[in-house]
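When the chains are written out, they are named A, B, C and D in that same order, and each has its own residue count from 1.
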Amino acid sequence: MSPFAELKREAYEANVALPRHGLINLTFGNASAIDRAKGAFAIKPSGVDYAALSPDDMVVVDLDGRIVEGRLRPSSDTPTHRKLFLAFAGVGGVVHTHSSHATAFAQAGRPIPIFGTTHADYFNGPIPVTRKMTAAEIAGAYEWETGNVIVERFAEIDPADFPGVLVNRHAPFAWGPSVAKAVETAVAMERVAEMALMSLALAPDLEPIEPELLARHFKRKHGASAYYGQV
Amino acid sequence: MSPFAELKREAYEANVALPRHGLINLTFGNASAIDRAKGAFAIKPSGVDYAALSPDDMVVVDLDGRIVEGRLRPSSDTPTHRKLFLAFAGVGGVVHTHSSHATAFAQAGRPIPIFGTTHADYFNGPIPVTRKMTAAEIAGAYEWETGNVIVERFAEIDPADFPGVLVNRHAPFAWGPSVAKAVETAVAMERVAEMALMSLALAPDLEPIEPELLARHFKRKHGASAYYGQV
Amino acid sequence: MSPFAELKREAYEANVALPRHGLINLTFGNASAIDRAKGAFAIKPSGVDYAALSPDDMVVVDLDGRIVEGRLRPSSDTPTHRKLFLAFAGVGGVVHTHSSHATAFAQAGRPIPIFGTTHADYFNGPIPVTRKMTAAEIAGAYEWETGNVIVERFAEIDPADFPGVLVNRHAPFAWGPSVAKAVETAVAMERVAEMALMSLALAPDLEPIEPELLARHFKRKHGASAYYGQV
Amino acid sequence: MSPFAELKREAYEANVALPRHGLINLTFGNASAIDRAKGAFAIKPSGVDYAALSPDDMVVVDLDGRIVEGRLRPSSDTPTHRKLFLAFAGVGGVVHTHSSHATAFAQAGRPIPIFGTTHADYFNGPIPVTRKMTAAEIAGAYEWETGNVIVERFAEIDPADFPGVLVNRHAPFAWGPSVAKAVETAVAMERVAEMALMSLALAPDLEPIEPELLARHFKRKHGASAYYGQV
């Protein structure tokens, strides 16, 4: 039996959860889970229909980008996932979708403003957007460079405080301590984007949430003083 | 057998109805049902997935906030529910969601204007919004204070005429004589919010519904002269 | 066996089709089918949940408004249906919904402009809206008067050319030679309303469809020169 | 056994996929698949409910428009499909829908602007819109002329680079090397239209995607240098 059986199942469960949550159309999107001890992650194969996917189709790739296990070609976005695993030490899973509302903000190059407590339950401020990629980055190792512009955006902010990003002109990425948590954050990003879009329609100059309310909600679910959920 | 078995089943049915009506994403939201004679209410446990919920997971809490029955930690919003049960004598059930369209109004700090008869079938006027909470309220017993700002908003209006509210920057709460009726009102709030948003897009300066039409529809379903439904 | 068994089944099928097409939330909405030879129509009972409905729950009412068959109270909108059956000789079925996008136009008091061929396949021009009802009409036999303002709106247009209407501040009604066709038109009204709303967002001053294109599409499906569907 | 059994199954699968992807309401829309060697294509019968469709209901029509096999009348849009098969040599399947967001652009007579990589994965630029049809074209062989205005729009662009179009005032058509691929493109057109509409709400003067990013994404999936999916 494969030493990656459990990791592949975890990645598989996350991948098939994406269309179930309405985050995916066609084959846009992928999820990966890492085993830090083994230095390898399991990721969706490229361009395979979600309905046809099985745990065994997952491809295991190490942190140098070599395929460790799997019959199929890994997602073309694998280098972006690899870069994020390398740069963000606490991350156990990465999710990429083209969910409609979050992608609308990414296309417009606008961060998702923080207007309420739903957002504050997941992000410690607006959901950041990367700078646009340069022609050289696009012409080069494009997917790896996509990871680079994400990491560059986090030079002065903590990926634990902001567990997701919008890649300019492209779409959202989310992450978390586990890939299941990253899926949850991807769902939250989409719903928060939808609500922000409607709040902006109602109040185009709406101010962000008050800092004390943001802090209260974010800390209710994160860090030492968290008191949400079961012990 | 527990003396709260029936109450827990009622609360359970209401909680699982929320995602079925599309009002809930992830674990945002909760419903509770009170037994006035016993002075205790059953509420959803904190942060538990709706798909995994059973009637026995409901937590029974008394009106002083003590857990009377249950293995799990109750919803972090329990003090808000308790405050509403204490202040609103006729209320048998409370529902809290982050449904998208109603939350968009809450985030914008705007009441939901009353533009048609769908709205008038449930509310005797615009759906009210609370004032913003102060830094002291947020830093203190936050969920209890959330209940307080709701109750404050109803100083001069009747919770039977307005069976729901938007908490500023947060999301909707709904209530009713039973928790099943509170779920129905939560569904109505979401649909009414969606239609108001679209009516505003069509006519930004739209006037509210005429008072006589409001009265006719509200009274068709409420009070001594109601003639909707079965006897 | 009831002489209305078939009619009740037809009305039942139409009623349960409404939530399946996403036109209904909660218990808003109803459908009725008439047997012209017998001078009676079958309609949904008032305030009964769609999931619990059976063909035998349908209430049969004659054109004078007397209950001919059925244990339950008929829909509170029954007088509106009756008025339409009396005034529009060719109509075999009537459908009333609060579908979101069409209701948004009704609330705004705006006809649904005709911007494309989807609309022209069903309506020979914009979908009309009634005038607002007077205080006297609202205070009087309200549901009967609702029928009256609809009929008044059709003084100079043909209900076969315009098989539906928006009641101002209220919601849409649709009709057709059969109740099944009325359901189809109610679906079309909702989709056409949604597309019109988005076309207006893209082009606020958009002109209506050209008359020759309207005529071509409407006649493709209606009248002597129709060539859509099977013979 | 029919020599067209496989072709009819392929067309059938594509037709029933349309409502499953939410692209179709009622009977609006149709899909066809061509066998180039036999010079004939299978298409949906006119006005038949998707739920009642079987592979054997598909109608086989040759490139001169004669029915080769089938008991039913073919889709009224058959001449449009035939024209596209005649004009676009590499096309193996054609899909027509009235999907809501893409149709909103068609009704407004606006191309769908290219704002992100989701769009660039399918189209090598904005999704084109035809000119309006003349009164003579509408009064004449209308569906054939619909094909003509599409083909005219592609005088200077390649249908392989732009595998779909919006017919002005009408709705989208999509095509591809197979009808399954055309269905996928029709889904992409709808999602891309939805995201463009929202991006425009956020940034009314948004510039199109940078040419190098467009080229990178389009070529990732098309042509000799494609590296997406399995080998």
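Worth pointing out:
What we mean here is this: a contact is a pair of C-beta atoms (placed from the backbone, for glycine too) under 8 Å apart; a residue touches a chain by one contact, two chains touch by 3 or more.
The shown structure was predicted, so the numbers you read here are calculated from the model rather than taken from an experiment.
The set of chains in contact with chain B as well as chain C is empty.
Of all chains, the one whose CA centroid is most distant from that of chain B is D. Of all residue numbers seen at the chain A-chain B contact, under half occur in both copies; the interface is built from largely non-matching residues. One inter-chain figure worth recording: chain B and chain D are separated by 46 Å, centre to centre, where each centre is the mean of the chain's CA atoms.
In this assembly, the C-alpha centroid of chain C lies 32 Å from the C-alpha centroid of chain D. Annotation for chain D: residues 201 touch two or more other chains. Annotation, chain-chain contacts: A-B, A-D, B-C, C-D (touch as defined at the top).
Residues 25-26, 28, 45-48, 72-73, 76, 98, 100-101, 103-110, 132-133, 135, 138-139, 142, 169-171, 197, 200-201 of chain A are the ones that touch chain D when the two sit in their complex. On the side of chain B, the complex with chain C involves touching residues 115-118, 121, 184, 187-188, 191, 194-196, 198-199, 201-203, 206, 209-210, 212-213, 216, 220, 227-231.
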